[in-house]
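Below: a set of structures, written as structure tokens.
Next, two complexes with chain A in common: one pairs it with chain B, the other with chain C.
Let's look at the complex of A and B:
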């Protein structure tokens, strides 16, 4: 493995850790709108990871669905219900 | 503070798992060599020298999705179709119509609207390129359709639903487009059989290139010198229409202003109907 390859894989690993933090925040957040934004951040990082792992086909469907359409559905749902998650 | 403890535990767990994997690198990490099955797919995806096994498309994913395992994808398309039908059935009786009078300016600010006038055109262009080049470069019908569906969502949010309804993007027109897409997928799937019936030869459903048992029937891989990979281009194009229209219907129904739906229901109850 060359140094460049190791560097890129290291960045991917770091991105994976950040995506886990974003997922944790999305689950723990009581404000649902913020939770959707954390979830979209996780999706964006996943899109980057898919690209780094040389899966452009799945990336092309993942970006519009997970970064565009899915947050839009959830935000529309939050607008029609309540923003705060009740314990 | 509570979050930081959780995040620290999470990161430590990830690092611990990474350490365990790295320590047992020969056991837990899969080999980097290409497996035999992958080798066969990569070899035969574009291999004009053996016309019985190739899909005549340099894009391995599209050839797998629409040729090597075409029937699975047809069932996937059916599942997505049923999901959209379910969404439409849930919103039955809800009108998607323009109100008689629209008070005031709808949608977001002028700056956002000006930007949004340009962006959907680019989104549709990129989506078309992803779908129509799906047999040559990464991408395909579903990817292109999902990308194209972002454009109406953007317009719905920025300009309001009435902007789309006024320009003919409503439930019925999208349902028509979706039906055209699905009919196209069906016709493409049966194309080889229909040609076989007309010419008196043996052929398969979802057949693209000639097969050992049906050597006489094949869909053209090149049209006018351009590689279209037989049925793959048509599958991608019709799937693009079906997916884009399907997502648009769902978003039109989801973003329906509730006051309109409630007004319709009250009228229905007032006329003696059941709630």
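Let's look at the complex of A and C:
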């Protein structure tokens, strides 16, 4: 048994727990702008998980799309429509 | 008796399953269309992560697994290729995920413009209001 792999996968598991918290906040948040920011945080953690799962070439595509374009497009949509989610 | 690596891998997969459930809840039960789009992006990313977890290879006898990028192709040494195929992770799910990310971007942009059109017609992005107005 190698402790190096356990160490790296431990960091990945910790990042996955944080991503679950960020996803919960993004889904349950009433303010849509904050929800988009939590979604971007979740995407950043996912990019780290992809890197630890030996997929650095996915990161090259995933970071501009999921951390840059998704929040930009959805923030533009929120600006044109409404910011608050009705209860 | 599971090893420490398998334990952490189980935590990772459990967190991904919880994320998938949360995203499905957001897609199905949140009435706001923008919130549905956010949940759909999270759902797609989580599905991509499952594909990458399937392709991941655990370390064999203490040798670290490596990305599926073969950099020593100039030297005609077949031993290097053998070591590469023994340690590299599976490249096929990564190729599929690369395509899925770009397709997901196109689908999200399409849904964003549909939501914008719904706002222009009904002045609301809430499914309950739109349902009431349409009749």
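The definition used in the following text is that the second predicted complex is superposed on the first by the 86 of 87 C-alpha atoms of A that agree within 3 Å, B and C clash if a C-alpha of one lies under 4 Å from a C-alpha of the other, contacts with A are read in each partner's own complex, and residues count from 1 in each chain.
By definition in this document, a contact is a pair of C-beta atoms (placed from the backbone, for glycine too) under 8 Å apart; a residue touches a chain by one contact, two chains touch by 3 or more.
Bear in mind the structure is a predicted one, so any value in this text is a computation, not a measurement.
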item: Which of chain B and chain C A:4 touches, first, second, both or neither; value: second
item: Partner chain in contact with A:65 - chain B first, chain C second, else both or neither; value: both
item: Which superposed partner A:19 touches (first chain B, second chain C, both, neither); value: second
item: Touched partner set for A:49, first chain B, second chain C, both or neither; value: second
item: First, second, both or neither for A:32, with chain B first and chain C second; value: second
item: Touched chain A residues, chain B compared with chain C; value: C
item: Chain A residues contacted in one complex by chain B, in the other by chain C; value: 13, 16-17, 20, 24, 56-57, 61, 65, 69, 73, 77, 80
item: Chain A partner contacts - residues on chain C that touch it in the complex; value: 3-5, 8-9, 11-12, 15-16, 18-19, 22-23, 25-26, 30-32, 34-35, 37-39, 41-42, 45, 48-49, 52-53, 56-59, 62, 64-69, 88-89, 94, 97-98, 101-102, 104-105, 108-109, 112, 115-116, 119, 125-126
item: Chain A partner contacts - residues on chain B that touch it in the complex; value: 3, 6-7, 10-11, 14, 18, 61-62, 130, 138-140, 142-143, 146-147, 149-150, 153, 157, 247, 250-251, 254-255, 258
item: Interface residues, chain A side, partner chain B - complex; value: 13, 16-17, 20-21, 24-25, 28, 56-57, 59-61, 63-65, 68-69, 72-73, 76-77, 80
item: Chain C-facing residues of chain A, complex; value: 1-6, 9-10, 12-13, 16-17, 19-20, 23-24, 26-27, 32, 35-36, 39, 42-43, 46, 49-50, 53-58, 61-62, 65-66, 69-70, 73-74, 77-78, 80-82, 85-86
